[in-house]
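The two complexes that follow have subunit A in common; it is paired with subunit B in the first and with subunit C in the second.
Right after this comes the complex of A and B.
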């Protein structure tokens, strides 16, 4: 029978289904007795007969739907009496309650087994599965947390008796472990909730109306764990040494983990040592797992029914102990490593740290990503010490305003409005207010899951566009207070060129993020093979735009330095630092540009010979131009650099012919013959030149000092990543050589008969941003 | 015309759904789709689509009139913007796959969407479902976004898009700060 009638009635029925006391009402809907609410203000009434009367007025298949009943509601709706959807459904003779005696006496091996099972479920929760499908399926955890304990003493297994059955291993040891575990979850959950994360895709915060011992102090729980450890240590008579050691190891881990995740004082570098201490405990945990005896029936899906939830029953998610251990080990290592960010100092180094840390594979788990966000910024301080204004002023100085009056902190002390410094300070503060969120968000966004990162970068491109526009206005206003003199070029002496420092700063970061959007597309396997030539062309276009922009910035800084008669040491240092940044940025942008150009030409060459599909070749639906339009959509809200039109793009990439546009679905034209295809040879030569240059640039980058490369704090990961790019670059050069050799050997053949091409997925590459194809002789 | 389409069994008929066919086919439709799913859709999900966009649902029937494949879609303005078609469910009975039946079903629904003035068409597939991805890519769809842990089993998805008309603004990314909950079928 389907109660497929009216949404509101349905909602009432689903409420019934979440209260296990009322099953019989649903199972025997002829029963006239309405469930009696305990609250006096709610009067319940049995609507079964009205419901059936209303339902009988409709034909089967007829839908009564108001505009608020969306697909979301439809997907979330439950069908009562369907065992896959109705959590209260019982087969005949089945009991409502999970049948497990939490007060039974436990053997040491059983306690070990249960602890290790709980660790697995804790890790599945970290992976993003709800508590209802992980830890909350434990009868022990259920007993501790429900009914909600008002004191820590009430959080025990025998809820209604002062003393009952069970032994000390249960009441002292397992309980202390559970308390530590639950409190750890409390801290973890609170950390995640205080930062940017995405419900369900990253993490599920729902507690189903339970609490995670949040009212109780860490110190009290730690004391319980210590008491348990003291007990185990003394049990020489009743327990063999290996069991005692194994139990102590787990209790110690619980205690250390709890301290490592606690909120108070999380900015203390010493936390790294706690994570290290946890790591040291893992080998023994791993070795002693085999001593434990898992108690499968101490976990049960039926416990889900006691949780306040409107979703259908969902399966318990299990992972192996080895997997749990490797996840935990990852969390501990990443927790330890996250604190290295405090060595990075702010500015461009901070961004390099976050980018490098988060690009490692596998990406750190959600808890760690949120911890890193908190380290980057919390309580209005960056890295615990730096104000937003300091952060931005420092960055302005490094990029565009070395030793400039605009970033002189003394401006803020001037109180006379007629003083230009007062006016400068007012405007700079206003800009900092506008720019702070955007700038900080770059580092925070880098902590999101990679799919979100790309989409948020797409969304934020327009924010940076607006910021750049606002900055132009402020730059223009500031000129009269800084008495800036424009540059005039000899070729156009009447044309005044102004420095626009703040908008130059914004434009620089906008370009950087636009490059990341394209590169994240490679990493996430967003582009199809036929799009790669075009997307690498677009990447090189962005990188070369950035190169020109860096040159412009350098021109103005050099111009300004020249006009300072006797620069002080402080001024010299500031200029040196800025030029060092610009030099490195030039190298890095140039390396990106040449590698991207080389790959674009290489894919273009492969398309010309019919070895891969031609870019945006005609297909049954849509048009090539529309597909291009969809692909560049993230950039359409950006006016500078302007997105090339489709015809311009197609001609630049030299990939598309008008005949193909006309609707010939086949991209396998006569040009696949090598000897008739001079254009392909020319493109291959371009690829060759660009990739040789790229290799030189990337090798130069790999030799750069950490301070220059702004990778202080993350040097080892950064070097590993650059090394992989160099490898990718070398591979690309080899592919060029293979292609040239094959072409010279078989000049009159069809290229498809002598070469084959494989394009790997991003996770099979040396570096996910550089999709070097494998070109093999047949 | 893709090669797969040419191989499609000749005896299949492609029939547009209509509410008059509910008694005959609804339970078969539910069955064929839930065969691929770990957790079932409620009847409301089917009704939601079939009641409002029955004409976008196509069925592949064999000579005995039994259901071999089905596609279920919708078409409505997306967040007050463009008219967006959405392919919600596509299933072909095991043993009949790889013969171009799914492609035919999708083309039928696309044709009706275009006739009804769709601006764009969207759908999601699991990142591991290469057969589905190939199908849509051969028709002209592009991957536009990746959706992290989109399905209940923790697998990620690609959003596929097909533009029918030129699009002006980049509204596509305006709601990126929102959770990706709403239109999420249970996973296979």
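Right after this comes the complex of A and C.
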């Protein structure tokens, strides 16, 4: 062996170990702490020559490796000294330090330019790009945050130097702005991390060992901004009015934004006012942008070399100032509007609010979606005030148990175990514990990005299946305490029909989510054109199941109301509220059912005539039956409603046309052209009837009062959405008329010679859930 | 050194902490996982250490006023986590292993 070297590593290791933010590293890279020496001396041994000699004795292609280390992992290794992979690589003569002088004196226009550039980078971060490719490329931010400042006073551009060069615009104004900016990012990041989001898909939380001033108080930073504002206000001599106003505007915006995103007291309705104030400041920001002079070289990719990162160097992501402004304006508007959710103090309204709020295009940004999740539920309270039990009891009452003893809050006060109310309370509490998560998750899942929403809905269908099963057990137990009388039909007097209120409740929400799964499939363009007839059939099948279920619930509620001899006002109000919900749900389910049925028939008609392609069919392993089993896969784990078998499904959808080769009607030898066309026209008549009914229903919905439609707080968006569905419905009716006219002229002609069909992507439609094809005469 | 001997020797080093110095005067410290006959070295959980920049040395010299001119100056090396890396053999100038 070679000589041993005992090396004083004071310089290298002892200080190094304290540098990185360990918590952060472990979270992102699962890495251990950097090497740490117990004593300050580490014994190392130089093995250079042995190592080289041994390596060269290996055969070409031979590897010496740890048995658990796979070549698959090796592929992910960053290659040192490769400029594309190694973020620490320097070309000859290049210094690791950024060559921009952060201490140079700045002109007002330069400060404006830098502030606006930083705003752009802040927005790219909000869009989901990492800090390493946005804000952290700024030399100013780097200087403030590294080395990690222990006090707010240390977070300054000149760092160790007692009195460095630079002017007040730099040290007072730009610094205050940067501190406010970084702290805003801190609050934003913490909000996002406290809720459900998808790393890299929605947002990148990584800080590369930096901290975002998280140890420092908001008030201290606000004071700094105020100081800066006071300074700018007084600089009448040295600065022209437009510059002063523009700087004040930016500082004011930063201060307001900072207060709007701060964590403490975020449930306060007054926050909406802060967002509104930000919005008011934006026009001025936009007008004064041209006064600024951007300093491009104060941002540099080189700073990535100082960031802890296990990824190759990546380019800076830039957006235009206008785009940044529209993003910011979107965040402010959505931030303001999110607080309207606090008016939706009931389960059904809450759900309508979140569904409507999140279905708007473009979908609110990740920060806003997380904010909404927090508003929905935080600190064990829904919307800041309601307990989970209150929320659920209220929802049971509205849906299935109006003025019922089961949801009487007084039950909880009974302490005598022999009292049936004590038993009821015990069981209801147990059910609330089981159901709370599922119920709350509906609203919270709606805040996820749209693709994830569909996935999670598919997964949660099973949860609701289990919940419904548990509820059945509890319903059965509760009967003896409520002395429920079953309903007996005249036709079968021996058959007892029980109400099963809690499992009815669970079943209702399960059906609702199953409909959403199919509808999200349309929105996300999951289905092929030739599958649309089938999927709309499936949607109408689910909606009609829900319709029957609502009827069942109504029967039992009406039955119970009849047995109350002299209902009190409170009871009457409760029943009225429940029936109003059931009426609206009936209308909505029936509108969904008829529109879906109409579209299913319309697509069947088009398929029948070979007007839409069957793209998969010529493929050797693809069959319609296999595709069907793939589409209904999320529902296979659900026992009720049962998934129809493929033959049943196919006969209902009249999909038989797709079994032919490539959807070409000329291959169908058995029937003549006239027969085919006659069959098609018959299907078209069905579509016509259904779509007329759909239009009537949707128009009725559009006229419903906000209170009835449970859209208080989100009425404007809700109406806009319904209006779009009505438009889609009218378009569908027009398409039917066009088809009918063309078909009547061409009894024996090939329909493909007279009609042309275009199916738009979901984002080009009036409403993403209703894919109305465009049918044009040739 | 014949092939068997070489393989055995390198295997004794596996999973030990290696300090690999590169021609651009950086040092990488990480767990040794793999090598081949071109002496390409794969390290996991590695940190990159870089000598202090001339500016940092200058700044440290300025701040350590009062000590005699012959005193040694202590300046921190800058380090950062880089994770899983492969150091190509052609750039390696020195290899050290932690411990005896």
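Note that in this section the second predicted complex is superposed on the first by the 676 of 778 C-alpha atoms of A that agree within 3 Å, B and C clash if a C-alpha of one lies under 4 Å from a C-alpha of the other, contacts with A are read in each partner's own complex, and residues count from 1 in each chain.
In this section, a contact is a pair of C-beta atoms (placed from the backbone, for glycine too) under 8 Å apart; a residue touches a chain by one contact, two chains touch by 3 or more.
Please read these numbers as outputs of a predicted model, since none were measured by experiment.
Asks: In the overlaid three-chain picture, which partner chain does A:486 touch, first (subunit B) or second (subunit C), both, or neither?
Replies: Touch status of A:486: no partner.
Asks: Where does A:48 make contact in the superposed view: on subunit B (first), on subunit C (second), on both, or on neither?
Replies: In the superposed model, A:48 contacts subunit C only, not subunit B.
Asks: After superposition on the shared chain, which partner residues are touched by A:647: those of subunit B (first), subunit C (second), both, or neither?
Replies: Touch status of A:647: no partner.
Asks: Look at A:57 in the shared chain and tell me whether it touches subunit B only, subunit C only, both, or neither; answer first, second, both or neither.
Replies: In the superposition, A:57 contacts subunit C only.
Asks: Quick one: is A:307 in contact with subunit B, with subunit C, with both, or with neither? Answer first, second, both or neither.
Replies: second
Asks: Tell me the contact category for A:201 with respect to subunit B and subunit C: first, second, both or neither.
Replies: Touch status of A:201: first partner only.
Asks: Name the contact category of A:409: first (subunit B only), second (subunit C only), both, or neither.
Replies: neither
Asks: Figure out whether A:97 sits in contact with subunit B (first) or subunit C (second), or with both, or with neither.
Replies: second
Asks: In the superposed arrangement, which partner chain does A:74 touch: subunit B (first), subunit C (second), both, or neither?
Replies: both
Asks: Is there a shared patch on subunit A that both subunit B and subunit C touch, and which residues make it up?
Replies: 4, 60-61, 63, 65, 69, 73-74, 77-79, 82
Asks: List the residues on subunit A that touch subunit C in their complex, please.
Replies: 4-5, 10-12, 15-16, 19-20, 25, 29, 31-32, 34-35, 42-48, 50-66, 69, 73-74, 76-82, 87-90, 95-97, 160, 208-209, 306-310
Asks: Once bound in the complex, which stretches of subunit B touch subunit A?
Replies: So the residues of subunit B touching subunit A come out as 1-2, 19, 22-23, 26, 39-45, 47-48, 51, 74, 107, 110, 114, 127, 137-150, 152, 154, 156, 158, 161-170, 172-174, 176-177, 179-185.
Asks: Help me check something: in the complex, which residues belonging to subunit C touch subunit A?
Replies: 1-3, 5-7, 9-11, 13-15, 17, 19, 22-24, 26, 28-29, 33-39, 42, 44-45, 47-50, 53-55, 59, 63, 74-89, 91-100
Asks: Could you list, by residue number, the parts of subunit A that touch subunit B in their complex?
Replies: 2, 4, 60-61, 63, 65, 69-75, 77-79, 82, 84-85, 127-129, 198-202, 312, 314, 449-452, 454-456, 458-459, 461-462, 524-528, 531, 619-622, 626-627, 629-631, 633-637
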